[in-house]
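In what follows, subunit A forms one complex with subunit B and a second complex with subunit C.
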Partner chain A sequence: MVAASFKFNIDGIEVEATEGQSVIEACDEAGIYIPRLCHHPELPPSGNCRVCTCKINGRHSAACVTPAAHGMVIENDTPQLTSDRRAVIEMLFVEGNHPCPYCVASGDCELQALGYRLGMVAPTQPYQWPERKIDATHPDIYLDHDRCILCSRCIRASRMEDGKTVFGFEGRGIAMRLNVDAQGGLGETQMAAIDKAASVCPVACIVIKRHNYQVPNGSRRFDKTPIGSDIEAKRTRRQS
Partner chain B sequence: MSLLDIDERILELVDLVDLDVSPFDDKKAFDRQVDVGFVEGGCSNEYNVKELREFRKHCRILISVGACAINGGVPAMRNTIGLRECLEAVYLNGPSLEGAGMIPNDEDLPLLLDRVYPSHEIVKIDYFLPGCPPSGDAMWEGLKALLTGKAPTLPYLLCKYE
Partner chain C sequence: MSDVQVSQPQGNPLKGRLGPRKIVIDPVTRVEGHGKVTIKLNEAGEVEQARFHIVEFRGFERFICGRMYWEVPVIVQRLCGICPVSHHLGAGKAMDVIAGVDQLTPTAEKMRRLMHYGQVLQSNALNFFHLASPDLLLGFEAPVAQRNIIGVIEAFPQVGKWAIFIRKYGQQVIAATGGRRIHPRLCIPGGVNQNLTVENRDALRKDIDQIINWCCEALELHKSFVHSHETLHETFASFPSSYMSLVGADGGMDLYDGTLRAIDADGESIFEGVRPVDYRDYLTEEVRSWSYMKFPHIRSLGREDGWYRVGPLAQLNCCAFIGTPIAEIARKEFMALGHGGLVHATLAYHWARLICMIHCAETIKKLLFDDDLQGTDLVASGQRRSEGVAIIEAPRGTLLHHYAVDHNDQVTSANLIVSTTNNNEAMNRSVTKVAIDYLAGHEITEGLLNHIEVAIRAYDPCLSCATHALGQMPLVVTLEDAEGSVIATRIKE
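== the complex of A and B ==
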């Protein structure tokens, strides 16, 4: 049976969706980019970064966990929402340690790319300088907790895709941290470099050793085109 | 110094502005108000703070230029370690020390701050030009905006945190 299809409206554009799609999935398909950070197209949504927050039927809701419904009216690309999202990105920058100039993820990092796309020139909220340790116990992967933005992608990938439970969160609020399910660090877990969990991190927290700084500055993912351009290209193609 | 990366455009610039306090003319202190000040580097000691406050006092528009001024940069690596631990690691327990070391304590040395502060955590900053360093084109873009009385905004290809 083909799922029922219906329409909703986002920023004045009519989008067709099918039963079971979230707002973000339907918009991705239609070539409309909603900024997001914790959402990953190959993982179940978790709704914990709130970057994708839109005004859906007048209420602020996270587009990655809101099912698309017939007749919805959505605001996405507005100055207010952009500024709210920028504030979230800024908080993530100052809550961790993010020295982009010497970070392995620079140019390829979704947090940095969102900063660029949303117009953050410099984070101006007070830097927290948290003290976080590097876990280099694994032969092929290291964890640089300074960069972790607690998006939970690795947790979801490990559980749902790899059938393991390598990652989890401990603590609450500002004290929340990513942990691994072994006392002795990542090296004592079931983690392997080919795991899905090793490739979904949006920042430079989960890093495969010996494979870094290989793509030259200028050819990296977000050097020339803003994050979301691939999604938006679908719509431009359709229109032309 | 990344101002020099604007290359021959500097000739255009000198026709339009007077350089006051700068490493180019080696003038070290303000004796009048100026329109625009560029600060590079964060504040890691009391001298940096004094200097930055002087800039704020004498510049109508103050701009934080580059990663170090904006977030502390490489010197701020010490922020997550702690000042005492850093000094001890280098001057008391350093691998190249002969005999007992000593943490420098000369009164001529500016006192180190507990951590490295970005400029905007010390004084009000009007605009930021990010980059490590900002490219010559980014500097030029910023200068052009200022010379025409606009707020500097960088296009996508020029706004980089690295």
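== the complex of A and C ==
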């Protein structure tokens, strides 16, 4: 049975969607980019980061967890929403330790790329400088907790895709931290480098060892085109 | 060329009448980093002691502990915006050792060499043209407002052109090999992450002959300065010393790799063929309370006699020959200044620096016509080790990186002996000599400030690197009495 299709409007553009799609999924398919961090197309949505928040029918909602519906009127690319998203990104930067100049993910980091796309020059919030340690106990993977933005992609991937429960959150609110299900660190878990959880981190929190800096400057994922360009290219191709 | 106006040493009119005094120059200008000079006078008003203090601190050796070892070449290059490549390559070589790789692929080795020679070319050009040439070409006593690179460009337009384009070329080499001009990324443990594209190679080939010619013309201009100021050149801030540098297996100049050679003031060997891994058997470092910069010395000679000089002058004094033709001819002419012995003149650092620039440009040319640079075998592998030591000849001299790594791949300890640190005692001696020769009375005159700075600049010190600093790079001179009370201070921004 073919899912019913319907239309909604985002920033004055009519988008066709099918029943069961979220707003962000329908927009991705239509080639309209809604900034996001915790959303991953191969994982169930979680609505953690709030970067994809749009004004839907006059109310703020996260596009990744809002089902698309007929006749919706959505604001996405507006100065106010861009400013709000930039504020969220800034807070993520200052609540962790993100030294882009030498980070292994620089040029390939979704947080950094979003900072550039949203015009974040430098954080306006005070740096928190949290003291966090690297968990390098696993022979093939290390966890750099300095970089974690609590997106939960690894938690979802480990549970839904890998059939494991390697990752979970501990604590609440500002004290929330990513943890692993072994006292001795990642090395004592069932985690493997081929796991989905090892490849979905948007920053450089979960990193495969000894494979870093292998892509030269200029050839990294976001060196030439901003984040979201791949999605927007679909619409450009369709129009041409 | 304008005449260099040098105030002659004068008798101290206050000698015997004044109590002990101490002069402080803080901060020192036109050097990379933040330092100050104090000159202490005795009861008779004579210079008792002069010290070059490094008053900045960065602590890289401490805060890279706990990081993953492959991050280190990218982190430690942030020590410096002038010579990041030297730290990138120094750490990269040490990480090769950690990764168990003793022999890189030809493409990897030559890519690193190309980047390094580009770096030495641009950094030496920066020192000679931008920092030192205003003193040499406009005169030590020229007005401060004029004695800078803009003044040089106005008075000697061709020098301005060389300054800009030679440095730019070196930076283009760095960008072509490491993705950007400052803080590039090329080294990964056991190799490199890219080869040289044909487009970049052809763009660099186009200008290299012009760069070599300009380096040679700059050398000729400098020689004319030396020949018209022979006594000044030979005696200013000068003294006999030992020297140390890397040399290749054949004894020739090699700025990228080799073994350590140290010679005494007569040119006799102190040690030869010292592998980086054995450095602790031959070198040790001393901490003194008044400076963040340590004092390395040759272990067998002790702290009083074991100090030495590094950098272009040492590179020339230590090597048996230079493997590129124009630089080798220039080396022979340079060494004749020593009348069969070594060249000890402190200002000769600049002459030696220009010869190194010619050597770098010639080596770059040679590499640009080597097809290995377009090879695709970029990384070698080996059996992991827990410790790695590497040495490279940075623009300012011998640079040593030493790391230990645990079984989780995290750095547990680091020791960096930086070129400027190696020259610490020598810079202090040069400052002392200038203070003795040029201090007249208890006033910190403009002439004294200038001469002290000229002496320090000869070494092209990088104080940021040496303390593993932030901020501006001005000169502060303080005059202190025998009890350590400051009686005069002068600051030059």
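Basically, the second predicted complex is superposed on the first by the 240 of 240 C-alpha atoms of A that agree within 3 Å, B and C clash if a C-alpha of one lies under 4 Å from a C-alpha of the other, contacts with A are read in each partner's own complex, and residues count from 1 in each chain.
Criterion: a residue touches a chain if its C-beta (ideal position, glycine included) is under 8 Å from a C-beta of that chain, and two chains touch if they have at least 3 such contacts.
These numbers come from a predicted model, not from an experiment.
*Asks:* Quick check on the superposed pair: does A:Tyr102 touch subunit B, subunit C, both, or neither? Answer first, second, both or neither.
*Replies:* Once the two structures are laid over each other on A, A:Tyr102 reaches both partners.
*Asks:* Which holds for A:Gln239: it touches subunit B only (first), subunit C only (second), both, or neither?
*Replies:* Touch status of A:Gln239: no partner.
*Asks:* Looking at A:Gln183 after the superposition, I want to know if it touches subunit B, subunit C, both of them or none. Which is it: first, second, both, neither?
*Replies:* A:Gln183 contacts neither subunit B nor subunit C.
*Asks:* After superposition on the shared chain, which partner residues are touched by A:Gln80: those of subunit B (first), subunit C (second), both, or neither?
*Replies:* In the superposition, A:Gln80 touches no partner, neither subunit B nor subunit C.
*Asks:* Considering only the touch criterion stated at the top, classify A:Thr137 as touching first (subunit B), second (subunit C), both, or neither.
*Replies:* Touch partner of A:Thr137: subunit C, not subunit B.
*Asks:* Check the residue A:Asn212 against both partner chains and state whether it touches subunit B (first), subunit C (second), both, or neither.
*Replies:* Touch status of A:Asn212: second partner only.
*Asks:* Pick out the shared contact residues on subunit A: the ones touching subunit B in one complex and subunit C in the other.
*Replies:* 101-102
*Asks:* Give every residue of subunit B touching subunit A within the complex, in rising order.
*Replies:* Subunit B residues touching subunit A: 64, 67, 70-74, 76-77, 79-81, 115, 118, 120-121, 127-128, 130, 132, 154, 156-157, 159-162.
*Asks:* Once bound in the complex, which stretches of subunit C touch subunit A?
*Replies:* Interface residues on the subunit C side: 66-68, 70-71, 74-75, 78, 178-180, 183-189, 193-194, 408-410.
*Asks:* Provide the residue numbers of subunit A that touch subunit B in the complex, in ascending order.
*Replies:* Per the touch definition, subunit A meets subunit B at residues 97-103, 106-107, 112, 115-116, 121-124, 126-127, 129-132, 146, 224, 226.
*Asks:* Sort out for me which residues of subunit A touch subunit C in the complex.
*Replies:* Per the touch definition, subunit A meets subunit C at residues 101-102, 104, 133-134, 136-137, 142, 209-210, 212-219.
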